[in-house]
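This is the structure I want to talk about, given as structure tokens.
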Amino acid sequence: MIPRSEIWSILDEYDVKQITIATICSHSALQIFHGAKIEGFRTLGICLENRKRVYSAFPKAKPDILIEVNAFSELLSENLQKELIEKNCIVVMHGSFIEYIGAKNILDYFRVPTYGNRISLIWESNRKMQMKWLKEAKLRTPKEYESINDAKGWVFVKLHGAKGGKGYFVAKAEELEKELKARNMSAKDVIIQEYVVGQRYYLHFFYSPIETEGLKVGSGRLELLSMDRRIETIDEIYRTLPHIIPDYMDFTVSGNIPIILRESLLAEAIGMGAKVVKASQKLFPPGIIGPFCLETSYHPDRGFTVFEISARIVAGTNLYPIGSPYTPYIFDEPMSTGRRIAREIRKAVEIGKLKEIVY
Amino acid sequence: MIPRSEIWSILDEYDVKQITIATICSHSALQIFHGAKIEGFRTLGICLENRKRVYSAFPKAKPDILIEVNAFSELLSENLQKELIEKNCIVVMHGSFIEYIGAKNILDYFRVPTYGNRISLIWESNRKMQMKWLKEAKLRTPKEYESINDAKGWVFVKLHGAKGGKGYFVAKAEELEKELKARNMSAKDVIIQEYVVGQRYYLHFFYSPIETEGLKVGSGRLELLSMDRRIETIDEIYRTLPHIIPDYMDFTVSGNIPIILRESLLAEAIGMGAKVVKASQKLFPPGIIGPFCLETSYHPDRGFTVFEISARIVAGTNLYPIGSPYTPYIFDEPMSTGRRIAREIRKAVEIGKLKEIVY
Amino acid sequence: MIPRSEIWSILDEYDVKQITIATICSHSALQIFHGAKIEGFRTLGICLENRKRVYSAFPKAKPDILIEVNAFSELLSENLQKELIEKNCIVVMHGSFIEYIGAKNILDYFRVPTYGNRISLIWESNRKMQMKWLKEAKLRTPKEYESINDAKGWVFVKLHGAKGGKGYFVAKAEELEKELKARNMSAKDVIIQEYVVGQRYYLHFFYSPIETEGLKVGSGRLELLSMDRRIETIDEIYRTLPHIIPDYMDFTVSGNIPIILRESLLAEAIGMGAKVVKASQKLFPPGIIGPFCLETSYHPDRGFTVFEISARIVAGTNLYPIGSPYTPYIFDEPMSTGRRIAREIRKAVEIGKLKEIVY
């Protein structure tokens, strides 16, 4: 693992007046580039050939420099890393980094300074560490059952390594064995979780260690920037009722819709964000930096249950390139999460605290 | 009941150049404070300790003065009322006033001038008066059945005094007796309504008695500011199909999503708003003032059915702190319902008509 | 059919400094007027008496000139056409033109210059031509079955000439005969399509033949302005589960909700738009001009299937009077599809290319 000190010594060589904000062209890159441009940064995108048209189609979010690669994993190549460092790049990571490159590879081989605390990617990408983090924060999480015999009530069955929720299913614990058999599976192939009934709210937070005005958490400030609901294939299953077409039983995310919470639930939502920040500062100091998301389910009988945490910008923030129903309460300007990141880097440069937000 | 004249004589003592807009910190308070600040008012919030973090987290919507109470019902205390009056407060009421303090208590004991016609709260909070109002407006409403024997077709069964729709259920009239028995209930415990099939649209109106340009209704103007759809626990019940988990059968509202209507349906929607205003002017002159909401269900065979009316700002407007898909057609600036209220108060002060919009 | 040359010779007589943007008052007229006003045009609306209140209620979208008619079909009358031509009107067509006047009538009898290529209305309003267009573009479309015996798997059954999706239903192919019988129908009464499982995304494109910067397609530029999901009666069918109320089985559209796609799916989405433009340029040169919409369904196993194409502005764009989650990536100003049209007309006038976008 590349230690933070090594990244910092690379950063020491940077011309901080000429920083380039870079990312791979996927996930939330449009938003990141758009925000960086507004905040006055040069931008650089690592792009696959068949996606170039997306950035041509959106000129205000098109990176100033576009480097074509055959696979996103080329990001780890010596030459490309060297080029990024020469261009004073700070890389903003998003979901596609974990998906296409892998958290461990980034920590072991990627020497280019990245925005945020890259250690948090490890905590996100390992399910058991994620649960440890949420337990440390004392948040309610779905129970996980070691064996079929332990399972109780309604369970949600996930496949190891399944991409995007394909093949996941809901079952009654007492019918689980039968259901697995019907799918030619055994308990070893799956993760068995408590199925948590409720309404999904994906809460987009931002933690700034350098801002202090606002809601103080640790020595920094916590912001609730927005929220969304993910759209999965299963979300139209009801449209063929009374028939139920099995092809709908797929939890792959294809998009997002905007959503807000009742104001009376915001105190609990913000409280959860604060606990997650504090737990991260204890578990992997200096803890989470920048955007993160709590994937929750709310039921009036139980409050919120957190079933997942994303330790970086999430795609649901793409709904809000010029602000959400919450950002006007924090900022006078249109503020996306992408712009928020760029602004944070700009401010950190201005006050000489860039190292605090880079690893 | 405190007569309007008494409130007006208190208002007579106000320094109208130093008005403070006040509300209790819940429901739509962020929006109300944010709007009031933009319109140049001082703001004051009555807050519970465990909710203070919400207003810290949103500095642009944080009230200038924050008074901590142990319960919102303290609003009725002599001391607090005196303080609010001393500070030239005009209180903007929302759903939490009815929920935590009660319409009757406000009318009997709250001497602080409030924005709007407080009588309308009584008409909102009593189901039979609400239906009388909607009938007077000649709007289609769900039938209400006095007994199980009268019930026909599909019925929606509500519990007296149930908070947030917990335990409500849908049934076939002929199976109603059986369904009640299965829940250990009798007909006395419930309200039996026609179940109205359709798509829900919650229409947010604003009635200004002092503006005249635009759509004239009575001697004032009607605005359709926005609309939303409420999110209730039941709204994810389909996600476990073919299983149906009873825990989803709960109609508690936890949030909102933005929505628009076909333009061809706006004429009918606006017409309903106009009828409600006119009926209110007949039933409790001067009638409804400021924001109100019609909770409707639309079906192509029947048009709109109104199943509820809210005689004040609704939480669905929180989706639109800088405007909805409809406000750009009325205002040049970003306009929320909260800001609309503040602007109305400002204009009323300017043209010397504050009494017309205060009770 | 009135040839383009005849329309152009009428346009030749226009005072292009005094152009009026006109449409019939329905569908997306508020958006079209609002956009035209911002771009500095005079506006004219053809309106039914009972809809006038809509435009009074939205003063910033109220046409400068309002002509009342008893039926929208009066648009074809000699007098009205003459008046529109005298006022230098360019008519922006939308869904209500097809619904109330008919594509063929417009082509045969409407001499007033219209924005876009009116031939595309014919390709939109004839289902077989629509499918030919989509096939030419090599997009995946739902299979259509000539007879019950050909049908396989899940099918979607549509009624000839049914307004708004009333009576449509989903069935298993092997049960189709029984299902038709239960409805007193025969195969002749219906269109039998493959039922395509997936999440619906309605993609709003804009093709400019006069802009070249951005994503070049043919000799012009393609823009992806926004997307929505239509709300149909069936979309609340799950709310009475475990009961299923047949009255919900209706596919009439009553409204729209905002939505975004995963960034990784945008390349495919934009590619589909480009193919549709190129196919149109081959099938009916100069092809589609201005706004169009692809009604799609996305499934992770199959990608997008296009089940319909609208060759003009769609009502889903009404969600975005001051821009969508995508327009900030193309424009610095708040940009609706209505404003985009007006801006295109303005630019075409400025650079002397008005004929290129008018038929």
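So that you can tell them apart, the chains are marked A, B and C in the order they are listed, and the count of residues begins at 1 in each.
To be clear about the criterion, a residue touches a chain if its C-beta (ideal position, glycine included) is under 8 Å from a C-beta of that chain, and two chains touch if they have at least 3 such contacts.
Predicted model only: the values in this text are computed from it and were never measured.
Taking only C-alpha atoms, you rotate subunit A by 120 degrees to land it on subunit C; that is to the nearest 5.
Taken over every residue number at the interface, the positions common to subunit A and subunit B amount to under half, indicating a different-residue contact. Separating the CA-averaged centres of subunit A and subunit B is a span of 36 Å. For subunit A, the set of residues touching two or more other chains reads 235, 238, 257-258. The part of subunit A that touches subunit B in the complex is made up of residues 154, 170-172, 195, 197-201, 213-216, 222-224, 229, 234-235, 237-238, 244, 257-267, 270-271, 274, 298-301, 323, 325-326, 328-332. Every residue of subunit C that touches subunit B in the complex is listed here, in rising order: 26-30, 34, 50-51, 53-54, 56-61, 96, 164, 166, 231-233, 235-236, 238-243, 245, 247-248, 250, 252-258, 315, 318-322, 334.
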